[in-house]
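Next up: some structures, all given as structure tokens.
Shared between the two complexes below is subunit A, which has subunit B as its partner in the first and subunit C in the second.
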Partner chain A sequence: MKGFHLMRSLAAISLGAVLMVGCSSGGNTSAPAAGEGGSGQAASTDEQEIQAKIGVVGFLSGSGAAYGEAQKAGLELALGELNEANKGKLKIELKFEDSAGEKEGAINAVNKLINQDNVVAIIGPTLSGEMFAAGPVANEAETPIFGISNTSEGINDIGEYVFRNSLPESIAIPTAMKAAVEKNGLKKVALIHASNDDFSVNGYKVMKATAEKLGLEITGEATFANGDVDFSAQLTKLKQTNPDALLVSALYKEGSMVVKKARELGFTGTILGGNGFNNPKVFEIAGPAAEGLIVATPFSPEKKDDKVQAFVKAFEAKYNKKPDQFAAQAYDSLYIMSQSLLAAGKAEREELRGQLAQLRDFTGVSGKLSFDEKRNPIGDAVVVVAKEGKFVPFE
Partner chain B sequence: MDILNPYNLQVLTFILLNSILAISIYITLSTGQLSLGHAGFMSIGAFTASILTKQADMPLFIAIIIGGLVAGLIALLIGAPTLKLHGLYLAIATLGFGEVIRVILLNMEITNGALGLTGLQSIGNYLYDFEKAMGLKAQTFGISVMQMKSLSTFVFMLLLFAFVLFLTLRLNRSRLGRAFEAIKADETAARAMGLQVGYYKMLAFVIGSILAGVCGGLFAHITTTITPDDFNYHKVVEILSYAVIGGSEVVWGPLFGALILTALPEVLRGLAEYKMLMYGLIMVGVMAFRPHGLIGADTFQKLFKRRRGKSTDKDAKGGV
Partner chain C sequence: MFWQQLVNGLTVGSTYSLIALGYTLIFGVLGIINMAHGQIFIFGSLVGLVLMTSLNMPLGVALIVAIVISAILGLVLEYTALRPLRKKNVPHLASLISTIGFAILMEEAMHKFFGADSRAFPQSFGDTTFDLGLVQIRSVDLVILGISVLLMFVLHFWIQKTKMGKAIRATAENTDTANILGINTNMVIVVTVMLASALGGVAGILIGMAYSALIPTMGMTLGFKGLAVLILGGVGSIPGAMVCGVLLGIIEVFTVAYGDSSYRDAVAFGLIILILLLKPEGLFGRKA
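== the complex of A and B ==
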């Protein structure tokens, strides 16, 4: 028996040893790879073809993996098309790293891509919170970092090297609200949001500011927490204030349930949601109650536009499903990168940053895009309305 | 020179940070108390330190120390009623405490609610400003500014960790440490021997909480952004698993646990999608072979004995 115990402790220790060896050998094998990447870039300047290695940090495992997977799909589609189109001129290589939706994960991934893989730029990370942690690292290392789904305020304030093509809520929500006010003649609105979620709070702040700016009367406000399933108390109270519209800032799960409950309680006015509603799951959860829901989105697969339709077709052919805004913005980001790399003429971080900052009137599948002097995206959002189980342009 | 790669230094910095956290849970556990409030204390330390540096422009390290002390003070208040509880009851009470703290932070103006605090000073920048003032520039050492900053953070964390570890080892061999051990082995017997059980338990709880608070402050100024959700139930499980995987009998156990659990996701990065699968398999393997954690009180003794014992036996086993 004692021998058995010894065996077990030995096994445990050898397991530990294996892990340690794995650790050191991992470091060794990747070191020369980084060196090759660096020399490849240096050599490429005098040759015809530019070799560019771009890192991607995504939420690829864990609770939000669906977002990361969509981004990965969009990027890979764009990669195939671009390397085909720019043959002989530019060859992009993507290096994906998982952040698992955690700050430490994002920081480590960005550090690894910059210092070990020697990438010329980074696309991602998925969440705004991750960007706030990892952005300063890239900025410090003078490497362009390009957010494709960070909608929070203040992302661009991180530094000179931080870009994004995802429209901040402060552009998307007012667009939707203005459209709704014009078409439906709204005067009084009520607000409800999830108070324990940074994304929802951000959206709520924009909604409130916009309502005040548009001169709308706010009849009532209510909050709930992510994970709640019963919203009757808040909604009954809000309904009594008799608003023309209900503005909901929440993630799709709770948001859809709020919409469903509001309709169940007999609310007949307009319901307008934030970016969180840009998810097909809304129709699964809210069912017919989703009808008439107004949302602003940077991308709608239903948009009558040749570029959009070509992208949707290519995406469907490759992945057998419709692309969402995460895939679309990821797809666009690589096109922006390749355009800027070609303009820069070499895969060099500083040059690339300069070219990115000068980007004007880029037309992608998620609309037209320019950067202002603070590198904030200027673009237009599509306002869509839920109709018979899908979002169609709101006209 | 590869060791000076900021990526490696960053991972090592996180390992050291989590090692200090592991010591904090170890000290609480060393009196046999299962506290799940460490994430709560960490968040108190993190937010206190961040508000002090961001709003009040206080020197970073003083702010971090104050953060730790505030966490300790709150531990004193919380400990008074809850430390009378044992085992799982204490675990549930402290878990509840952590959640209460999180919800309070989510609803406070000064913590910016769910959005949290961003753009905090980083330890690397802070140290580099000092080094520049002292005439030490990155160019002098032939490394980049970023390497210098990462290196400064790492060296600072290493020194801090060594200091905390030294104190912990001293504590273990002192009158206090022996009292902790006696209480862990048998509370009634310890009381019969004349130990003031309540006092020692409170002491261990408060020391653990101060350390957790300091770690919170460090975490905030390494990642430069915090939200209340960084310190939720997942963090509690993460901290506790250092002790579960590594073992909680000697301080080396949780330290080894912190090392493995922090390094593993990075080591397994190459596996991409299969990373979490491997991670899970290794965890299951560890628990199957070593249900009391990888390192126990007997691990070193056994190794030591075997080395001094019959060498033929050692060779035979070594081949396994």
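== the complex of A and C ==
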């Protein structure tokens, strides 16, 4: 109860701050610096450089730090490029906050960024569950919050200020399943997912619905928890039901271990994974067992596209490893932000929200992106298959 | 499927036993629960694993490295977190907290050195499976089972029959009396802490083999399993740790196999509560 009151009052304070800006910018040229919700150096003229402070909430420590680190790398690469390209017009400053993958952490980080750092917008948080917790806080404070890895259903329903460039699983998974059914002639499938993770549960629901729609027989279902290390009991049980394919909805860490274990136990059918598998680390963890794994993804570093290849090259030069989908979507998000900020002409939350909502046909490294009237991302998913240590297009 | 799942349970359970042995040894001698045990042995085995993957060292070398590093960390724990408190004669709760501090330190150090990702464990025994009619046993499972059972028997014999083992038992019985009788109890404590950590090092490598990966955060999750076994078997009881570790593993696996996998921990820990209600001193514990 106490926390709820605190949140409410914080939200009220920040709302007040936004309203104050609204008043002071109306006809007043020398706006006071204090209490300005994200307007920074209030630059509305074209000659002056726009100063935009953007907050980032990432899973930067703890069990999923790898996701947050990838996102941070993608954002920092984009930041360098953008500040160079837009010199004199727009200068973006990023403020990173660590949520440690916890809902409370994400809420605290969002509150701090909005009220203390006066950011114009927030990128993140990493997990869908965190977004469901922190999104309403930002929405209440009328600050755009931009998910770059939240693929669960219902993210956009949080509110008008919530955006995302990550394709929902409801687009990606059916694309992959249809391709696999056509190519491999699947009839019977078994499902396994992480039951304590919103993202994985959502992916599982989509898989199940799609399987029913495609007329596949479901031979068995099992769950595990994020952080589990032993999957032998579940997989032995599922293997016994003799499915043609195993559908895995999990983050890559546990997912890769599930794939490896399934192969070790002698499962020879098709394995199809959700969005979480789209990470080069899968090959490190699962090794040769990853061979043949089918995944739908918005981003593949192997895609023959100039923009993608330039990004991969720049990323490799800076970090000495291949970018994954987390880095790619983070990278794209800052480009979308800068494009919208330039169109808005000033670093102001309401203006930025309006520009973001109008995004159409943005071409980034993770494909073409538009928002529909409900700000849902519309884009294409590529179906890829693991082959000799990398994901190649599935044909 | 029953027999196959039994093998799964045995494999998982024998690693729990090895972890619980570490707790029980230290508890027996010092009367404290070492909350850093999980982190210490995962750290040790991660060093071993890194040597295996980046320098192509054989499994045997990795195992020895894991044992040595874990033992050294145990020594550091004794000199930084346990001995200074023991000298001041503070309540046992204080050293519980200081070991938690050590655990956090270890966990952060692992993130710094090894990253947060899981690290794949190279397959050292190939994919050979032995078809025994009822069950298919992977060679890895055989090695894990073999090493754990062997270690448990060696440990049991060592504690019961050797001079050092007797000194450990005497210290566990009563440190002051053992001291008066001429046992260098400080040395016994150092040996016990190092031995417990070294056993952890073996467990860490076996766990890596069983699950095909090691994750820095495993120290905590598996540490809790070890603690549960410790309580279930009766704190300080070596046979209790051995038998109950295997028991917990089998209970867990059968919950998943014949029930709902999301109830894995609920059923396992529910049973522990039930057993403790009926037998509060643990299955193998002595009445206080």
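By definition in this document, the second predicted complex is superposed on the first by the 320 of 395 C-alpha atoms of A that agree within 3 Å, B and C clash if a C-alpha of one lies under 4 Å from a C-alpha of the other, contacts with A are read in each partner's own complex, and residues count from 1 in each chain.
By definition in this document, a residue touches a chain if its C-beta (ideal position, glycine included) is under 8 Å from a C-beta of that chain, and two chains touch if they have at least 3 such contacts.
On a predicted model such as this, the values are computed, not experimentally measured, just so you know.
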Subunit B versus subunit C as contact partner of A:363, first or second or both or neither: neither
Touching partner for A:66 - first (subunit B), second (subunit C), both, neither: second
Which superposed partner A:232 touches (first subunit B, second subunit C, both, neither): second
Comparing the two partners subunit B and subunit C, which touches a greater set of residues in subunit A: B
Touching partner for A:253 - first (subunit B), second (subunit C), both, neither: second
First (subunit B), second (subunit C), both or neither touched by A:268: neither
Subunit B versus subunit C as contact partner of A:242, first or second or both or neither: neither
Contacts of A:100 with subunit B and subunit C, given as first, second, both or neither: first
Interface residues of subunit A shared between complexes with subunit B and subunit C: 61-62, 195
Of all residues in subunit B, those that touch subunit A in their complex: 2, 5-8, 10-11, 14, 103, 106-107, 113-116, 118-119, 122, 146, 149, 223-225, 227-230, 256, 260, 263-267, 269-270, 272-273, 275-276, 282, 285-286, 289-290, 294, 296, 298-299, 302-303, 306, 317, 320
Subunit A - residues contacting subunit C, complex: 61-66, 69, 195, 222-225, 227-230, 232-234, 236-237, 240, 253, 256-257, 260-261, 264, 266, 281, 284-287
Of subunit C, residues touching subunit A in the complex: 1, 4-5, 8-9, 11-12, 111, 115-120, 122-123, 127, 129, 136, 138, 207, 210-213, 215, 217-218, 221-222, 252-254, 256-257, 260-262, 264-265
Subunit A residues touching subunit B - in the complex, by the definition given at the top: 6-16, 19, 22-23, 26-27, 30-31, 60-62, 96-98, 100, 103-105, 107-109, 111-112, 114-116, 129, 132-133, 136, 140-141, 152, 154, 157-158, 195-198, 200-202
